[in-house]
Structure formats: structure tokens, C-alpha cells
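Presented below are the structures under discussion, each in the form of C-alpha cells.
Both of the next two complexes hold subunit A, though its partner changes from subunit B to subunit C.
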Partner chain A sequence: MFNKFKMLLLMEFQKFGEYRGDVFIFTMNAIVLPWVLLNVWVTVAEAKGGEALDTSYLVQYYYVQIIVNVLVSSWHGRILADRIRTGELLMFLLKPYEYIRYMAANNVSEKVWKILFSLVALIPLYFIYQSYLTIPVWQTIPVAFVSVFLAGMIKFFISQVIGLAGFWTNSVNALRDYNEGLSLLFSGRLFPIQYATKVIPEAFFTFLPYYYFLGFPVNVILGHVTGTDLWFGIGVQCFWVGILYGLHILLWKKGLRRYGGFGQ
Partner chain B sequence: MSVISVSHLTKYYQVHQKEAGFTGSLKSLFNRKYYDAKAVDDISFEIEEGELIGFIGPNGAGKTTTLKCLTGLLYPTSGKVDVLGYTPFERKHPYLKQISLVMGQKNQLWWDLPAIDSFLLNKEIYEIPGARYKKTVDELSELLDVKDILQVQVRKLSLGQRMKCELIAALIHTPKLLFLDEPTIGLDVVMQQKLRDFIKAYNQRYKATIILTSHYMKDVEQLCERVIIIDHGKLLYDGSLSNIVKKYAKHKSITVIFEKPVAKEKLEKLGKVVEFEDRRAVISMPREKSNHVAAKLLESFPVEDLNIEEANIEEIIRDVFSNKASRV
Partner chain C sequence: MEYRFDFLANVARYVVWVIVAYIGFLVIFQQTTTIVGWNKNEAFVLFGVYMLIDEIWFALFSRNLNMISEYIRLGTLDYILLRPVSTQFLVSLKELLLVSVPNVFIAFGIIGYYLHQADVQRTFLQVLIGGLLIVNSILMLYSIMIIAVTLAFWIIELKAFWELYDIFTEGARYPIGFYKEPLRFILTFIIPLAIMFTFPAQFLVKNLSWEFIILSFVVGGMLFFAAHKFFYFGIKHYNSASS
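For the complex of A and B:
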């Protein structure tokens, strides 16, 4: 079982090696927004004299967000939707191996490349903002690891579910854009939750999955979520993984029943 | 022993119909009309172990849909399909390990990596022991003469080379049942012949059951003793290739060369003169009259040479599809 996945991982890793230029551009693209926001928020915080906004927290938040964003990223929904539309999926369906494992291998390999490339930006940024950055206390590391892993699963299955919409529509890109828009607002990407909830009702963060794949793990790493809130958050992450996994199974089965393998 | 048993297989697709133009588009927003397109319409057949069958029909006849139902890619609307003792659309792993599908227009090889990497992945996926994997790859790459290109990126291979590697990838687990959907499409005549030779050799060496669909009649003529003809989703014919001629070819033609020029009008009394030159003519007549016409030609004309020919198989099948020949 593990040999199959290991082989797939190696193949995907080699494949991304062929497209290393593209992966580099995508990685930098994912880093630009949090870096810009970091600068905007720091400027605003300093203009306000550091009273209303905590400059040190903001720098740490966006720096860690860059790392978490790379670790939880998923782009395979687009690949899945394309394969459904062109009929390329057929060749995978004929193999005695679950399709989702191909996507998991794709996802993990992509992350390894992205982590390597993101160091190009993370190392200089560390030296620029060194005075604001602190090393997280070691006690938070195990739970942060769990939280980031669950965040990656949530994002993976959201991407998978959006890709599976390709069984019913050709406009999966529109769904992706819609999801990206909501994600910008509610994941904590544009602003940390403690500042956002002054404008947006907290329920949007509590009851939607977006916050739990970015803002929440970032705050866990920074040690800003503790005690009951921490375990409640981890519980919600598990809930969303379960819901999205179930939805993925349902859509996969229903989609395959109606799939004709177009593009023939 | 039957490896494939198909009973009253039917597959309908629901197709959306829209009137022409912008108004039609607006109407279809509120009142969408659908109809059931009968891709496969109540067909039944059995295929025995080791057979090499040609599955032929014009575009949209239902060949690929049938193949997809047999491989488990499509759920039938109704009917029963049993392949190697499995219900294909359940796509159980033990079933998938025994079959393979090669589509001339679809790749399973990883585009950016050499073919040998895709083979290695298949080795793991199909759980092939190392020694058997090596033996199979050696044998197949020798048969197809591709040993030198296995380390070359797939995207840098020619269409013919890629098709050969696709075949190896599909056969690496030595499937009992091989579905070939237009395997020679787009290939030049030399490469087509090489692939035909290989398919024949594979069938004989591994006793594999092979189902072939192709628009090239040469593929079918050279490889298949039995053919299934399908059109508009209906099974028109299931039997030997030679019987098609007896069943559907209602005419024979006689090519005759004369010692000296003869009058065309005289020949027209014997049958339809299809071609006429100075000393050569081709005359078409009902099959049962061919002996009589030949005797008459020898008796009444200065014949130098005479040849009675069956209609070309491709023409017969073309006639079957265009409803010229009588159907049963």
C-alpha cells in the first residue's frame, strides 16, 4: 500500500521538478498578498502609535500566515475539473487505485516544492522583521502541528469538492473564484479575526470552514488560542474535515453514475 | 467459457435540446427540454476466452459506449453485463487488475516523465513482482522495438512511439482482457501494420481476449475472425468476417480482359457495367448469376482473361451502414 503512494509521490515530485519555474511563480504569488498586508497593517499600526493595533502581533501573524498558507494550499480541484471535462479521468478510473490518492500525492509533492521555494522569501523577511518575531514556545508545537494538518485536510477537501462540481458544470472556475472571495474575507487572510469581528459578525468565522484553515492555525502557532477555545477550534476543524470528506464521497459516487467521459 | 456476457444492454444519455438562436437560449433557461439519446439499445452477445473480436460501426454507433459499459466506466441504463465474473461498474480492484483499455486518443503515460517511470508506477499499482515486471517489459519492448526510447520523456516521443509505450503500459500486468479503442488512429501505414502484428502476437502468446474497435477495416480484416457490427445502438451482425460477405454481399463482379475491343451495349445485357475501357470491363451482377454470366462471356466474347470477385469487405460494411444491403 505504502509503496504505491511512495512511487506516486516520487513521480509527482519529479513532475513538479519539470515545472519548477511555474511552481516558483505560484509560490511567490501566494506570498505577495500577506507581505503587502503585513506592510499595510504595520504602517497603520505605527501611525496609530501602536495603541489600537499591536504591531508585533501583526508582523508575527502575517509572517506565520505565509508559512501556513503554503502548508495548507491546494490547487488540485482545477486539475480534477479539467480531467472530468476532457475525459482524461477515465484512464485513472480504470486503475485499481483510488483517484483521491493521486490527488493527495500531487498535493503533498506540490507542498514540498512550495516550502523549498518559499524559503527564498521567508529568510530575508525574517531578517527584516527580526525584532518583531519570536520563536513559538515549544509546548504549542504539537497542537500547532495537528491544527495545521487538519487545516490542510479542510482545504484539500474543499478543493476536491469544488473540482467534483465538474461532473455537473463546466464553470468550476467561477466556483473557485467565489470560494476564493469568501476565503479572503473569512479565513483571516485580509485581517486577523480579533480586528475583523469589529466589522463582520463573529458567526461568519465560527460557523464557516474558512477561518479554520488559516486564521485559526496561525493563532494556534502564535499561542493566541488556548484552553477551551483551542480544543473547541480543533473540534470544529475535525467536524469540517468529516463533513467535507462525506460530501466528497457523496459527490464522487453521484458524479460517476452520471459521468459519460466526454471528450471522446 | 464466456469471459464476457452481455444481455439486453441499454444505455441512454439524457440530452438537452435547444432551439436555434438567442430566443431559443432564453426559452431553454425556463423550459429545458431533454430527450433520451439511445447510445446502446438492447444488445446481447457473448465472448469466449482468447477471442480477438472486431467491434465495428460508424461514428456514434455506440461502440465506445459499449466498451465503456464493459470496462465499468459507465453505468448501464438497463440490462446485465458480466465480465470475468464481475459486474464491471462496481469497479472492484480484482476486476480492474485483469483488464486494460487502450484508447488511441487518451494517454495514461505521464507526459513529463519517461515512459519507464509510468511502467514503474503501474508495477506498484498492479502489485507485479519484480522478476515478472522485468520479463514483461523486456518482452514487450522487444516485440514493439522501443527499448531505446523508454528513458525519453513521453512528450518528446513521436505519436507512433508513444502509442507503442501506451500499449506496454496497458499490458504490463498482462491483462486477461484487453479493450483497444481505435489503437491505430493517426498512425502511418507502417506503424499501423506493426501494431497489428503486435496485437496478433500478444493474443497468441498470452491467450488474452481482445476487443478491438477501429474505423480502419484493415485492422479488423487482419486481426479478427469474428466481428460485431453495431449501428444506432443496435446490434446488426455478430459472426465471422467471412459470413458477412455471404450475408450482405448481394453482388459479385467479374473483371474481364478481351482479346479485341467489344461493344459496351452487348455487355450491358449481362449485368451492370461498372467500368469499361477499350479491352477491359468490370461487370456487376447478383451473386447467384455470376457463374451463368461467366459462362456466357466465355461463350460469346473473345475473352483473354476473366476473374470473379467478391465485393470488397469495406464496401459491404459501408453498404450495411448506409442500409443498402438487406438487414436481418
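For the complex of A and C:
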């Protein structure tokens, strides 16, 4: 089973090598928005004055967000929906591996390329902002690793579930856009969530999955979530992975049953 | 009527994005009332200008420019080259996305509403110049993107068209003064978002000196000319499918 996955990984890694120009642009696109927001929030902090907003924290938050965003990114929902719509999925169903494994290998391989390319921006950005940046405390590294891994799983399965909606509707792009909009608001991408609680009720951050695939792992890496909050957060991440995985299984089975019907 | 659902879904999607952006601005301006000389209403005018330029660009050029790399890869550019009309004109305005029209009106609504909220009074001439600055910005955005897609003559396939567009415009929603160096330098001199987005909004809500207005049109004209020349330089390097 692992040999098959390793083979898929290598195959996909080579394939992305052929499209490295595009993957480079994808990576830079993932980096630009956090860099823009880093600048905006530092300016806001200066405009507010005093100690109200911690400039150091803001720089660290967005710098680490760039890394986490690359590590947890998932994009395959659109591809899956297209394959369902065009019938190309049938070709994958005949292959000697499960489609989900193939997409996981695709996801991990592209991430390896993206991580390599992101260094092109991360290294100069480190030198620009090094006076604000500190190395994370080593004790946080194992739990940060777990949190980032779970965050990646949440994002992967959200993307998968949205893609599977393609069995029932042609408007998956609209669903993706709505999800992207919600993600911008509730994940901590546009703003660190603690600065938004007067505008957005805290429950939206606590009970929706979005914060747990971006803002939460970023804050874990920065050592800003500790004790009970940390374990509660990891628990919520596990909960969402379970729910989304279950939903994926359900939709995949029901969808395939329905999909088979088209050709009969 | 056949596409009524798509039409409504597109408007709904646009409204969701406007709400998301609105909340994003609210969170920022809830921290402080003025940021580098821009208050919330003025910043919303800039946001409206961004939406307007983005939507008009989307309606006129997005799908057409995205197709250029396909024409090159599949060799179908041959048929376009044979026509007795400007190739750049044909590939740029082949198909219009009318689905964006309501969004353009929403963007106008945002600009109008927040100009009113900011208590800005403008003469007809000022509105006209503001409009011309916006047209100039659309042409600048078009020029930047045509330069980017012309690279497809050498690299053949450009899948990341939309991502490239996002990279160029990601910083457009905020006034240029919100950025620190070196990003401010990049967004002023390399990708001139300051001229394309901040200047028209600044002209509408505050004042923009004549020097900057003239500079906007000069840079716009130069960029358009450079894009035109680069596109035809790319065509010279085109090996058609039949050759």
C-alpha cells in the first residue's frame, strides 16, 4: 500500500516538475496576500499608536501564516468537480489505486515544490523583518507539527467535499467562492481573530472549521495558544477531520452510485 | 433566461465578496478612525474603484487574454492572424462576459454611496477626469496582463493566468500609503498599483495634483504602447501549428 503511494508521490512530483513555472506562480500568489496584510496591519498598529496592537506579533503572525498557508493548501476540489462533469473521473476509477490516494499524493507532491519555491520569498522577507522575528520555542515544535498536519487534513477534506458536490451540481465554482469568502473572514487570514471579536461574534471562530486550518496553527507555532486552549483546539481539529472525512466517504459512495447511473 | 441561475449566482457571489471585504475594512477601521490620512469612507471609495476596474477588466478582457496561450498551444492563432483586422484587437475583445454587468453597477453604487458618506462634492469636470483616470487604469491593467500572457509565445503553456492576475492586483484594495518599503516601491514603480488604483480614488475623495494626473496618463500611454510592441514581438516568434 505504501509502495503504491510512494510511486504515486514520485510520479506526481515529476509531473509538477514539468509545470514548475505555473507552480512557482501559484506559490507566489499564496505569499502576496499575507505580505500585503502584514504591511497593512503594521501601518494600522502605527496609526493606533501605543501598545494597543503588538507590531512584533503582527509581523510574526503574517510571516508564519505564509508558511502555514503553503503547508496546508488544497486546490483539488475544482479539479475533481471538472473530472466529474466531463466524465474524466471514470478513467481514474479504472486505475489500480483509490482516487483519494492519488489526490493526496498530488497534494503532497505539489506542496514539496511549493515549499521549495516559497524559500525564494521567505528568505528575503526574513532579512527584511528579522528584527521582529524570533525562533519558536523548541517545546512548541512537536505540537505545532501535529496542529499543522491536522490543519492540512481539514483543508484537504473541505476541498474534497466541495469537489464531490460536482456529482449533484454544476455550480461547484460558486460553492468554492462562498467557501473562500468564509475562509477569508473566519480563518484569521484577513486579520488575527482577536482583533475582530467586536465585529464578528467569537462563536464563528470557535465552532466553524476555518480558524483551525490557519489562524490556530499559526498561533500554536508562535506559542500564543497554550494549556487547555491548546488541547481544546487540537481536539476541535480532530473533530473536524473526523466529520469531514465521514462526509467525504458518504458523498463519494452516494455520488459514485449516482454517477454510474449516467452511463447505464 | 436560460442562464438566469448563473446570472443570479454570479451576483450573489459578488455580493458575498463585497460583504467579506466590507467586514475586513470594518475590522481595520474599528482599531482607529484614520490611517495615513484615509478614513473608512474614503477607503471604501478606493475599494469601489478597485471593484469597478476589476469588473470592467473581467467583463472585457479576462476570458480573451486567458485564451491566448491556448491559441498558441493549439495553433489556432493561425486563423486569427489571417484575418484583415488587428490581431491584438481580435484576441483581446473576442468575447464579452456580460454576466459582470450587474457587478459594475454595484461597484458604481459603492463609489457613489461612500463619496456621499465622505461628504465629497464634485463638479462635472472632476467626475469626468475621475472617469478618464479609471479608463486609463483599466488600460494599464490590460497592458500589464497582455505583457504577461505574451510570454506564452516562449513558454507555450500558461495555466496560472488567474493567479498571475491576483499577484498583480492583490495590493490594490488599500491605499499605497498603507504599505512600507520595499513593498511600496514595488507597488509604485514595478507594478504601478499606486497610479492604477490609489490615484483615481484619491482624485475622487481628496485632491490629486495635476502633475500626478498627467503622470497617470503618460505612464498609461507608455505601458499600452510597450504592451502593443511586445505582443507583436511575441507574434514574430510564433511558430504556427502548420509550420
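What to note about this one:
Here, the second predicted complex is superposed on the first by the 257 of 264 C-alpha atoms of A that agree within 3 Å, B and C clash if a C-alpha of one lies under 4 Å from a C-alpha of the other, contacts with A are read in each partner's own complex, and residues count from 1 in each chain.
The working rule: contacts are C-beta pairs under 8 Å (C-beta built on N, C-alpha and C of every residue); 3 or more make two chains touch, one makes a residue touch a chain.
Only a predicted model underlies this, so the values are computations on that prediction, with no experimental measurement involved.
When the two complexes are overlaid on their common chain A, residue A:Y19 makes contact with subunit B and with subunit C alike.
When the shared chain is aligned, subunit C comes close enough to touch A:A52, but subunit B does not. Here subunit B and subunit C are compared by how many residues of subunit A each touches, and C touches more. In the superposed model, A:M11 lies in contact with subunit B only, and not with subunit C. By the touch criterion defined above, A:I135 lies against neither subunit B nor subunit C after alignment on the C-alpha atoms of chain A.
In the overlay built on the shared chain, the residue A:G87 is in contact with subunit B alone; subunit C does not reach it. Residue contacts after overlaying the shared chain place A:A196 against subunit C, while subunit B stays out of touching range. Of the two partner chains placed by the overlay, only subunit B lies in contact with A:K95; subunit C stays clear of it.
Subunit A residues in contact with subunit B (one complex) as well as with subunit C (other complex) are 19. Only residues 13, 64, 68, 71-75, 91, 93-94, 96-97, 99-101, 103, 105-108, 110, 112-113, 117, 120-121, 124-126 of subunit B touch subunit A when the two sit together in their complex. Interface of subunit A with subunit B (complex): residues 3-4, 7-8, 11, 14-15, 18-19, 87-88, 90-91, 93-97, 256-257, 259-261, 264.
Residue ranges on subunit C touching subunit A, taken from their complex, read 5-6, 9-10, 12-13, 16-17, 19-20, 23-24, 26-28, 30-32, 34-36, 155, 157-160, 163-164, 166-167, 170-171, 174, 177-180, 182-184.
Considering their complex, residues 19, 21-22, 25-26, 28-29, 32-33, 35-36, 39-44, 47-48, 52-53, 128, 171, 174, 177-178, 181, 184-185, 190-191, 195-196, 198-200 of subunit A touch subunit C.
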